[in-house]
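Next, two complexes with chain A in common: one pairs it with chain B, the other with chain C.
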Partner chain A sequence: MIGRIALRCSAFLVLLAGWEVANRLGLIRPFLLPPLAAVAARLAQDVASGAFFLNAAATLYRTLAGFALACAIGIPLGILISRRPLVGWFVEPIVSVGFPMPAIAFLPIFMLWFGVFDLSKIVMTGFSAVFTVIAAADAGTRGVERQLTWSAQSLGASRAELFRDVMLPAAMPQILTGLQVALPLALIVEVASEMLMGGNGLGGMMVNAENYADSVGVYAGIVEMALVGGVAVALMARLRRHLLRWHPEAAA
Partner chain B sequence: MKQGAISYLPLLILAALWELVTRLGLVSRALLPPFSVVLVALAHMLADGSLLRNAVPSLLRGAAGLALAIVVGFGLGAGMALLPRFRAAFGPLVQAFYPLPKTALVPLVMVWFGLGDTAKIVLIFLGCLLPVILGTYNGIRGVDHVLVWSARSLGASRRDVLREVLLPAAMPQILIGLRTATAFAFLLMVASELIIANNGLGFLIGSLGDDGAYPAMFAAILTITALGFLADRGFAALSAHLLRWRI
Partner chain C sequence: MTDKSVPTGIVITGLSHDYTPRAGTRVRALEDVSLTVATGSFHALLGPSGCGKSTLLYCIGGFLPVQIGSIRTDRGLVTAPGPDRGVVFQNFALFPWKTVLQNILYGIGKRGIRGAEARDRAQRFIDLVHLTGFEASFPGQLSGGMQQRAALARTLAAEPDILLMDEPFGALDAQTRRIMQEELLGIWRQTGKTVVFVTHDVAEAVYLADEISVMSARPGRIRRTLSAGFNRAADPAVFKRPDFAEQVELIWQMVRAEVDDARRPVSA
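What follows is the complex of A and B.
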């Protein structure tokens, strides 16, 4: 048991020990790899001063606002694509182009349209996530087994009931999988937008650190960003467990 | 093929709508140059070579980073799937790295490798690594044990099993990972070039935007969109070819 835990931690320990040793022996310039203690001290300072929470909140707020926008548009649209052939005919090719496109390339357009403050960043993150959400909602509702809908219909379910009680729950796992892909994507694009446009948020903070050749700040920023990313991923996984608590996968 | 082309008719309708709203003055031309004006700008950029001059370095960076990620990621993913000890030691690192938004690495690769090509290739490599590792790992782990046992009992060596059983059975998952990695390569390529570069399509978009040359900027963005789409289609064709043995 202890051996297993040691093995699980070993990679981290080797990494951190290598970091410290390389530093002590002066193998790598401190600018490239600042002492661990300095990075830890910066993290403590960011937490104590509240700067970490302010920046993390700004980044998370814009990410979640954009993501919510993507869900509000993407889920109904994806469902419509699978249910209404005309909508599918029109929107599907657009999604197939939008899905693999590097969304961040549109940032200058959104800056032109929505200015340089929160709104353009929120639209940017939403735009980067929406195609994934549409594709997942489309595939999810399309994949619902015919037997399910036929049984419900033969038992006298109305169209509204059929949709609410059969289609939506059956499509839910796949829709949520799409959201679990889309949220990290939104975060990646949000951070890049902050780096490009400046302002508050973790990306803005890191790019400032970079501009002042403050490599301790860069390393601390990566740790802070990983924490925020971890929180976002964990929240999404919780939401999935909650929404799918009736589903067999919850028991596994 | 003909049917394939017709199914993209909605994109033409979208372009026509774009042209219409700008020509009718429903949307200010300062915010959205008419589609035809963008096409003219595109033709100019093709003629004076500025598009090609910037597309080539971008695509080379993307391809180099992606190729590196595929080779290393496949090795790490297969190692994690086949060697329990390696999985136990290396898995937690992958888990810790997973939620990090990879654009956060842009300042770090700049500290380490400066502002040139190396930094961007390393960034694309790191960003594409995880989807490849996870695709390979999940693919090999998901192979039905019965397949492996049957092959072994029929006298296949470990090498044979890997090449003839595990790899083909894992291929669909691996390809899904590669498709995600390709999309990431484009995203990180453009993001890093927008943030800092002196050539490349991302740089081109950023500098045209700064100059207020909006028709040309829209043309460059359309070009990147088209390249991303073509890469994805090419990838889908490759997948279909590699998986043609499946029923």
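What follows is the complex of A and C.
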């Protein structure tokens, strides 16, 4: 475990070493690529002042709120697509068009509808994630063996109970795969919205630094985003392992 | 056992069933099937693959709609799945996300029994199928034979009147199958349930069943119903008896004729 983490970190160490060497040799102007030490110092300063945590919390709050919205709407819809013809008729074509759309194109509309504060960003983030969630829940539900639902019915489950007792858990591996794709997507769109709209958060802070030609701040922002994204993805993988401990993949 | 369910018989009258493999095409799977399964008896449906024996079982289970004809148990007409008819599938169909204990508790909970009483009851059925010690295992961690024991316990714990079994031992190796057959007979004698058992294994049908219905293929019809009755002997060595071998051979010839028939091209 520790060995594996060390191996993964070593790739970044090589990258950072290249950064430092390029600086020291004067290959790139410091404004285009500031010294590693300056970026590290800014990072330490952001952590010490608490600015990093405030911005990360603001970004994560809106990302997770949007993501939760996408799950709350997307999972039931995805399960119902193949089970309720009316839902399938309505949702399926919309998903197939919406899925490859660049979601961020809707930002001006959401700003008009929901204002320039948290709500429009949350809706934007949820909107960007919801299609992936619907598609995953749909795919997972279609693969459920009919014997599984028949067993539940003959044990006394009603048709409504089948969704909670059989469809949802049976589709869970594929739903989680969808969520693992949707979460970074939500984070990307959240940061992009902050960069376009300004305000607090990691993206907002970075665009602020950019406006003041503060290239150290821009690089520090990138590193902070990478940290937050990495932690979010790792926690999601952990959640998957916990929820799927019954699944053969857990043994691997 | 303190099983409060009452075994009931099954009366099937003029049952036909069509299915739609593609939109616009209809294939007749069952044709005018009439059959009576006596209360508490063990009835085998035997036939070549594709003869509709599983379709017939699924109709009794209420999983497929009754289109033409009727199926009646002592509780009335069959229109939907219900806990009075328990089912065991070839692929076990356990809930893989639940442990053995949770799987068995599922049907018990649906009957409104909870807490310590539910656990006691689940444990009784776990003990009955010899899975003691595996309560906390997930199905994926068990062998095929053990998964089928768990599935059988789950079905029995819901206390159905009728047990529907769809080639339940078809996915097991020969040794495990023999042991499971013996244990099923033991459980059947204890509980006195009405059993409908689908198989394509002639010896299995003769060993287990009171009565055997041989089915023909495409469309599925009941060709003949014969009585066997070796199961009442409670003698695992029945396989070696000459009259057992004779009965197997006789029925095999009938099934064989159906297989040959099914191979011939379908005429309009």
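Keep in mind that, in the parts below, the second predicted complex is superposed on the first by the 222 of 252 C-alpha atoms of A that agree within 3 Å, B and C clash if a C-alpha of one lies under 4 Å from a C-alpha of the other, contacts with A are read in each partner's own complex, and residues count from 1 in each chain.
Quick note on the criterion: a residue touches a chain if its C-beta (ideal position, glycine included) is under 8 Å from a C-beta of that chain, and two chains touch if they have at least 3 such contacts.
None of these values were measured; they are calculated from a predicted model.
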- request: May I ask you to decide whether A:I222 touches chain B, chain C, both, or neither, giving the answer as first, second, both or neither?
  value: first
- prompt: In the superposed arrangement, which partner chain does A:H247 touch: chain B (first), chain C (second), both, or neither?
  reply: second
- request: In the overlay, answer first, second, both or neither for which of chain B and chain C A:A171 touches.
  value: neither
- prompt: If you stack the two complexes on chain A, which partner ends up touching A:W113: first (chain B), second (chain C), both, or neither?
  reply: first
Message: Tell me the contact category for A:L155 with respect to chain B and chain C: first, second, both or neither.
response: second
- request: Could you figure out whether chain B or chain C reaches more residues of chain A?
  value: B
- request: May I ask you to decide whether A:C71 touches chain B, chain C, both, or neither, giving the answer as first, second, both or neither?
  value: neither
Task: Mind sorting out which residues of chain A both chain B and chain C touch, each in its own complex?
output: none
- prompt: For chain A, which residues are in contact with chain C within the complex?
  reply: 145-148, 150-157, 165-166, 169-170, 172, 245-248, 251
Message: Quick check: in the complex, which residue numbers of chain A touch chain B?
response: 4, 7-12, 15, 31-32, 89-94, 96-97, 99-109, 111-113, 184, 187-192, 195-196, 202-203, 206-207, 209-210, 215, 218-219, 221-222, 225-226, 228-230, 232-233
Message: Under the definition above, what is the set of chain C residues touching chain A in their complex?
response: 58, 61-63, 80-83, 85-87, 89, 91, 93-99, 106-107, 110-111, 138-140, 154-155, 158, 160
- prompt: Tell me, which parts of chain B touch chain A in their complex?
  reply: 7-11, 13-14, 31, 85, 88-93, 96-108, 110-112, 182-183, 186-187, 189-191, 194-195, 201-202, 205-206, 208-209, 214, 217-218, 221, 224-225, 228-229, 231-232
